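In the two complexes that follow, subunit A is the common piece, with subunit B as its partner first and subunit C second.
Then we have the complex of A and B:
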């Protein structure tokens, strides 16, 4: 089946044209994320040589998958907005507010609350509402999404610090942590959860009207509107959906550490964005999908895991990540569509 | 056989602030015909189209569709009533497949519950494309199609939609459909349109009269928002239509012809064998001090590209340019500016003017070096320079700090002119100086052009109409299909007749 994700490759046309029409070339074209799979292969090769095979040991692979789960969920969230051709930088703020809310509403050592499993719809509701506001600011107030969502992030982070009084809240409900650290057939449960979410989004993107219209908006919002796409409604829903997924990720973070604090949201945006770009979701919109988000996250996490195993200087690791982000964007962005680069 | 009327306009009228776009005329459009609609810019063609597609509401008169008066709220509503328009710039999304583009917003026809059946969509797309005789793979991305193929996909989409809404005789409007196509593709387009005609009405807007004549069953001429006449296609005479479109004979004194001065013998610019691969064949000409040289030719004649080479926004593949006898190379716009060559583009809002900035900023844009004192830009010098040139070109504005976006078209054009004069441009390339400007302001622009020539500035002009070219210039170069075909002198007392010139253009 021809999928949306094959689009991600259109931009890397130079790379594409170099692959001949041979059998290998045909195979390359028939797999929508073949470019990313090759990148992952290169990362694996370099690090398994550098670590004498330790990198590819089954226990390390499971570690990588487990580590990639939450970044993957976040990447799956933010890539939806990027497909629209918009930007969402509110990730850290929404994760902070939902993490703190989860900490205060679950059984904890600061308040007397205990909402139990109700926390799942609650965090999704909080995240979803914040996302809806993002969508409304973008569509109704016609604000550039990258700046309005940045403002949203700082606002919510501030609120999260205020209601948590700036301290961490230890949990007393161990059920969630149990699920998070458990394994199913040797695979971390939380990773399976992330993959399931990816699957749901993949089906939505390829098999539903909402999905088709998302790509139309990402391609050209004005033309999409002309054709009758309900642009505002779809953008608001996608921003809302993205917020809901952030909320879920916030809860998972809290569950994993069995405590909660506003700062749990910090430093999550950068890996998610890098994964989006590395996976081949074009920042100019309309290209790439859930498959790209999944593979992108695995590449980024594997890269960082490899750097740690090889005991590379941590500052060097940060620089490598920055270079990876810039190179990935340089390869995937559609310059014709942006016109003037601001 | 009497054909049935599908659309009828009765006393149709549309007024914009300051302009009457449609003066209230009657026009009938029939089933199963190709109607060619011709007229100059501003004749009312596009206003009429936008009423048909529901983008404008008429201010007076009636719009009858299939015998019923109708009010359309927008292009989607028009499509539901079987009226579709193929826009010049196209409305195909490049990141979607042919199938997805064809059925965008109508996916529910292929849905089972929440999910869309991709295979049903592709099958229907294949069928729809085959019906129109198109050999396009429905699963290719539209970004990989040629402009012609994209146009075909759009046409297929409109026809499919009109069938979806159960319209017997859909109406297809094509606005300048051939500008982006190659010769061979144009032929295919008209073959397809002639086939579509068997069950649809096609309305064709084009500047290429020969195309209209060859392919229309009927040609309607509009002028200044009014219906002039109509005639059967095929047999129509191109010169006759051209005359009807322009309407007026050359009036003595028009275009400030009495102010025309003879150029001096000094050659300020010489072009030798300049060529652009597959666009322009080697061309040579000279420009004298104080001369107005008109470049005349249809779209695709290469004149646009030629001036772009002189302005630095395009590169010639061979040939040389001499300025005051010295060979120069113009690789970027800044090189042209350095050689005192100014370019006043056709779309001043996009290329000529920073509409978000004020008048002073625009006029001073190229000369900030001159406005410095002690290393910093001097506010007073800035104001004085702006006011000086505003006075020279007579910009009507309350202050030099007025935002250019708020000025009228004529005043904007004067600001652009002021900018180049302030930068001491000796040669001005003026691309359609009077486009979108009302009659009074046009005359002022003509006056400025004459004044500049008198002061010894040289100009290369390309005008909206042939009359304007003839009226303004000292000499004209006629280009056709990338070749210089003729050079005609236009002294004030012996201007050539437009009909003589058209022969070499077409």
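Then we have the complex of A and C:
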């Protein structure tokens, strides 16, 4: 009896530990971005230790959220194309052309234009058209999106330089800047805007047929086509939507600096792409979504903020950034879901 | 369809090269010396003002002016210079802003062989010496150290030489960025009560400067000034200050002399900048080369300090910003080495 009892107890305890382990595992796997949350936690822990808690001070958190808004919008744009298994490198070109257009059409010190709030649909239209061209080049001319969008980026950047004559255009309409630096219940308005956009895209990805089809294309384009998914039409519309969102980001960038120039869009592609990768959106397509883009951007921006707060020597920052990014991606990617590593 | 395409390309190329012929076509061998500037582009205001300076000297001396733009191609710059030397039979002088610093070596060889005098601005590999070539009269660069010193001094003065500052550097690998930062550090040593609590590299970029400044302001909310290595970054920092409601209380400084920073100086949001006047650069560069060509300067006997040197740019603060914004009505192109600041070794 005794031996039997102890044995059964043993059984139960091992059973219990198995149950609890799988419960944690279940929880871990039920949240699609648990890996990212852990790595954000690690980043936060290291930096709060390194800055005596300053990193987690509310004013710094709000600064990080405010600064993450524009990269987040860009990341939310580009990750859509990446879900399709395609690539979009036209970000800097489209931002340049929409930023310069916004500069020249809003009340400014170079031209006599003043379109006021109409600028919002205008930049989205310009960005959307550029995105449509990206989509058409990819689907109708069968060009690899990596090259066609890179070509578009250069072309649009060149046009932006031409129409702005290579110089910056100071704005005279202060309303946009006021909105962008304002706060709502202590939270930067522009961050709320980015989150709302993320929410819309999240619903689109998870609750609509379009979303399902996007993932089907990203998973296996040929199979999707055979199953009756209108691949070309969906690709063109996603490229277009992505372009529209770039346009919006271009306007926000101009509003923030209260000035516009073609080169303000430079240096934005890299953070957006790292945010995509760190967030866990698979570059081979079909995996990840808006949530990943949001958390990925926050990690990248928090990282840059922390390096400044800890006063890591600027000569070292680039290297530290690279190492931390590689570790973050290593920690966050779900290797079960990714079939092919490109 | 294909033929038409080729035709269009041929036509386009013809249109592109036509001005080159048109500008210098009439001059024969005995005609006046051509003044030529070889620059990057005419699409940005800084480079475009080179042409203004060249035209100014051309009018003063009654000589024809030819502008060569390379649009970012070192190869094109060399070929254009070569073509103009051939067309004018060597009766030409150049002011060249080399597209990339290594480009001065083939240029120097080519122009030495043709006996054509020239002056270069900004870019030159350190180990290439002007005095090793007989027709390369001078190489001039604006002095980054004195620019950094002037803006730092003016910034510190704005808060009474006591308090904390932060700084934004340009591309770290860039020698002009390093020079301007040395200037800042020289002035920091002079005023021990001013403390630089943080510095970041913002790669000359306004967006990066905005983000770095926002982050630095969290760690150091009590700063009294922001020193930036160029106007673009200074303006990014200014908008970051505006976002936290401190524009005008904390002043910024830059270097370059853009209209936007002038307006900020007038509004009391920026303290100073340094204006690199490309109109003067082109005019004085051509004047020096022309003096050598006319025998007024004996290149072989010129002191080394005149062969390669740093020039002082125009310091701008609240006292002279209005005057600078109006633009200089005339330049002194006769006093050839008036802008000398320090020798370049």
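Methods note: the second predicted complex is superposed on the first by the 295 of 342 C-alpha atoms of A that agree within 3 Å, B and C clash if a C-alpha of one lies under 4 Å from a C-alpha of the other, contacts with A are read in each partner's own complex, and residues count from 1 in each chain.
Simple rule for what comes next: a residue touches a chain if its C-beta (ideal position, glycine included) is under 8 Å from a C-beta of that chain, and two chains touch if they have at least 3 such contacts.
Please read all numbers here as calculations on a predicted model, not as lab measurements.
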Report task. Could you classify subunit B and subunit C on subunit A, in the superposed arrangement, as clash or fit? Result -> fit
Requested in this report: Pick one for A:212: touches subunit B only (first), subunit C only (second), both, or neither.
Outcome: first
Requested in this report: Of the two partners subunit B and subunit C, indicate the one touching more residues belonging to subunit A.
Outcome: C
Query raised in the report: Looking at the overlay, does A:224 come into contact with subunit B only (first), subunit C only (second), both, or neither?
Result: first
**Report entry** Three-chain overlay, closest Cα atoms of subunit B and subunit C, distance in Å
**Finding:** 26
Query - Those residues of subunit A which subunit B touches in one complex and subunit C touches in the other - result: none
Query raised in the report: Which residues, counting only subunit B, touch subunit A once they are in their complex?
Result: 75-76, 91-97, 100, 104-105, 107-108, 111, 114-116, 118, 139, 141, 143-144
Query raised in the report: Touching subunit A in the complex: which residues of subunit C?
Result: 41, 43-45, 169, 172, 198-201, 203, 205-208, 210-212, 214-219, 232, 235-236, 239, 242-243, 258-260, 263
**Report entry** subunit A residues touching subunit C - in the complex, by the definition given at the top
**Finding:** 51, 54, 57, 59-60, 63, 66-67, 161-162, 165-168, 170, 177, 181, 253, 256-259, 261, 263-264, 266-268, 304-305, 308-309, 311, 314-315, 317
Query raised in the report: Once bound in the complex, which stretches of subunit A touch subunit B?
Result: 1-2, 7, 10, 203, 206-209, 212-213, 215-216, 218-220, 223-224, 226-229, 286-287
